[in-house]
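So the structure is just underneath, and the comments pick up after that.
Just so it is clear, A, B and C label the chains in written order, and each chain counts residues from 1 on its own.
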Amino acid sequence: MVTIIKPENIVYSRSHAFTETSTSYCPGCTHGTAHRLIAETLEEMNLVDKTIGVAPVGCSVFAYNYFDTDFVEAAHGRAPAMATGIKRVLPDKCVFTYQGDGDLASIGMAEIMHAAVRGENISVIFLNNAIYGMTGGQMAPTSLPGQKTTSSPLGRDVELQGFPLRMSEMIAKMDGAGYVVRRSLHDPANIRKAKKAIRTAFETQMHGLGFSMVELLSTCPTNWGMNPVDSCKWVEDQMLPVYPLGDFKVSESVSELRF
Amino acid sequence: MAKELIKGNVAMAEAAIRAGLEAYFGYPITPQTEVLEHLARRMPELGRAFVQAESEVAAINMVYGAACTGVRVMTSSSSPGVSLMQEGLSYIAGTEVPAVIINVMRGGPGLGNIAPAQSDYYQSVHGGGHGDYHPIVLAPASVQESIDLTVLSFELAEKYRNLAFVLSDGSVGQMMEPAELPPMQPIVKKNYDWAIGGKGTREKRILTSININPHDEEIANLRMLQTWFEIKKNEVRYKEYYLDDAEFLVIGFGTSGRVALSAVRKCREKGIKVGLLRPITVRPFPDEVIIELAERVQGILVVEMNQGQMLDDVMIAVGKKVPIEFYGRPGGVIPFPEDVESEIERMVSAKLEIVNNPRVAWLDRMLHR
Amino acid sequence: MHKEIMIAGYGGQGVLFAGQILAYTAMDIKMQVTWIPSYGPEMRGGTANCTVVISDQEIGSPQVAEPPIAILLNLPSYDKYEPLIKVGGVAVVNASMVDRGAIRTDIRTIFVEASRIAEEIGDTKLMNMVAVGALLAVLPELDIKEVKNALRLHLPSRHHALLPSNYLALERGFDAAVSQGHG
């Protein structure tokens, strides 16, 4: 056992924006990575004391236990509406939602689109892992063509079950959106880019520049039936062609932000 | 303050503002749209939050969010819209945060029509969303009561961290009457020990309706029931008319209550000893006074603009002590006083029997008019 | 005192405002009053009606099955509501828009050329006030002076230039009813 005695030798520690609670996520799942990026960003921006998070329904339903900020728990898909209610009465606070693909792109489609088009000054962290995790691996609106899930056991047949939804591309078309990008959590280089994007999203909000969303391509080793390494590879090989990474909306004011 | 001639819907909206409404989220639907329209103009000019939401589903979840911050928040809708809100209402109830909902009821089920009705009694009074919960439900019969009960709804919602409904109908909502609005109350920052708003220097707070451990959820349920019994003990309200020497009792709330008042007066002129009880809180239901009255009347007539919903609560209170008759006009039809008058006269002259379901005889009379 | 008044016509004839001015008048003289409109799709270009109940005690029903008093501003309203008027009641009918006489003999019918008189005054929109004036001849509980007062007090000030012509419309309607032996 190595004991670190010099602070300058510490290369990694738990973010102060976290509580001591251990997460309930499966081994290899990228929710933990996404949480850490948010926590570090809140800490760096000195926002921990003035942030209200809105947790979704899905695997991250207990997100409120992990961040050391005030939190509320929304009904399935309604996080953007609940965040709207909070932000409209507390416009100086930092309000973010954390939502999965079933929550945001299926049952919560109306709420996310209208929050974006109203230009609600909130930040949305959208985890897209192409499957329903909490309920045990059903087809999501973002599942890939041919992807086998418990509710598309023969593979997603686009003739019968439709096509994957590209939320970032859609939301980028909304005039109220200031910052909409897609990043991925499948390797360290992309994780660093994701961190930068999350920072930009919160900066967008704190400067009052409108709706911001970061879509994060994520893994679900458990429900995909893969080990974590293969899962990351699957993101790269299978998801990236359907969900290209990129900046879909960076308003002029957002592009001028310096931090 | 002087009285002004004011429409029920506008009166509720302005009363809410004067009671310190800080945020409103709603969606247009007849016959309540004047509430939204009034607030669309007034809230922004006062620097308060107003959002016309994309749906009633979104509106109630915006209410939920704002309610978690401890501000006075409200939505308004009419029957089909309130059906859409049931999800959010259950979550608000489960989180034990205060919120006010105005329902200007219209004819149903389904799209129904836009005429006044009282067929959302079950939905509001007995909780239309999932799970055990206990909303406070106030039923105005006049524009003045619309004002007074809107103000009261905020006070009760906050006092008990509970849902409070103002259960109006298209008639009371569209009607104009002289009424007095309360003076403008200043917005008071309340610093509740449960509200979220950024933790600052305190411990973080979580507001949620989740209790993943059933035993914790059971404890939460028992606590909510305790609160409810406290509400029931303290907050029952009703109005009595001609009850001192009444031999027959009419019970009706809201618009059917005031229609019944006209009928009761006509019958009094004919020498019939009949009185009226008009519940103002339909939940908590004024069952104790009804039990007392049942001891000394020969028959009870329940009048509603539905198929007999409050009737069940009257029957539970009265049991088999005295015959109960029912007269209802469902589907958006308002009874005329003459209709209720002849029902009272029928009750007085008939040989009344205690039956299991007064709706059966009523339906028969309706079908063979 | 208990008066129930129905006013009916088509949308745009000032049906609702005619009822409101009676309601304002009643409020100003410290009576209880209710005003309730028909609302919804029928408002858009179709028939409109409202009911005003004025009383010295708490008002029960704001609607009446058989109005004892009615102002009927066009033929469809006259056809629809003439049969419903309470026996012994009174109907003020806009004769300018009705091409028939009364069917009911058990009510009093006052025919007033309300549209024509309004046109003479110079604004056809005053037709509703002419009809209200005619009603006042048989409704002594509401003094024409009080109605004028209510107009002055409750008409938004941007419309105050219209007050003299509104007063004149009330008077002309009142006189028309009186000249026929009513009031």
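The rule is short, and it goes like this: contacts are C-beta pairs under 8 Å (C-beta built on N, C-alpha and C of every residue); 3 or more make two chains touch, one makes a residue touch a chain.
Computed from a predicted model, the values in this text were never measured in an experiment.
Asks: Quick check on the contact network: minimum steps from chain A to chain C?
Replies: 2
Asks: What pair of chains has the most C-beta pairs in contact?
Replies: Chains A-B share more contact pairs than any other pair.
Asks: Return the distance between the CA-based centres of chain A and chain C, expressed in whole Å.
Replies: That gives a centre separation of 64 Å.
Asks: Could you grab the centroid distance between chain B and chain C? Build each centroid from C-alpha atoms only and quote it in angstrom.
Replies: Spacing between the chain centres: roughly 34 Å.
Asks: Please compute the C-alpha centroid of chain A, do the same for chain B, then give the distance between them in whole Å.
Replies: Between these chains, centre-to-centre, one finds 41 Å.
Asks: Hunt down the residues of chain C that sit against at least two other chains at once, touch-wise.
Replies: Nothing qualifies.
Asks: Can you list the chain B residues touching chain A in their complex?
Replies: These residues of chain B touch chain A: 22-23, 25, 49, 51, 53-55, 57-59, 61-69, 71, 73, 87-88, 91, 95, 196-201, 204-210.
Asks: Going by the contact rule set out above, which residues of chain C touch chain B in the complex?
Replies: 20, 23-24, 27, 32-37, 39-41, 58-66, 154
Asks: Which residues, counting only chain A, touch chain B once they are in their complex?
Replies: Touch residues, chain A against chain B: 19, 48-52, 54-55, 61, 64-65, 67-75, 78, 81-86, 88-90, 93-94, 110-111, 113-114, 118.
Asks: Under the touch definition given earlier, write down the residues of chain B that touch chain C in their complex.
Replies: Contact set of chain B toward chain C: 3, 5, 30-31, 113-115, 170-171, 174-178, 258-265, 334, 336-339.
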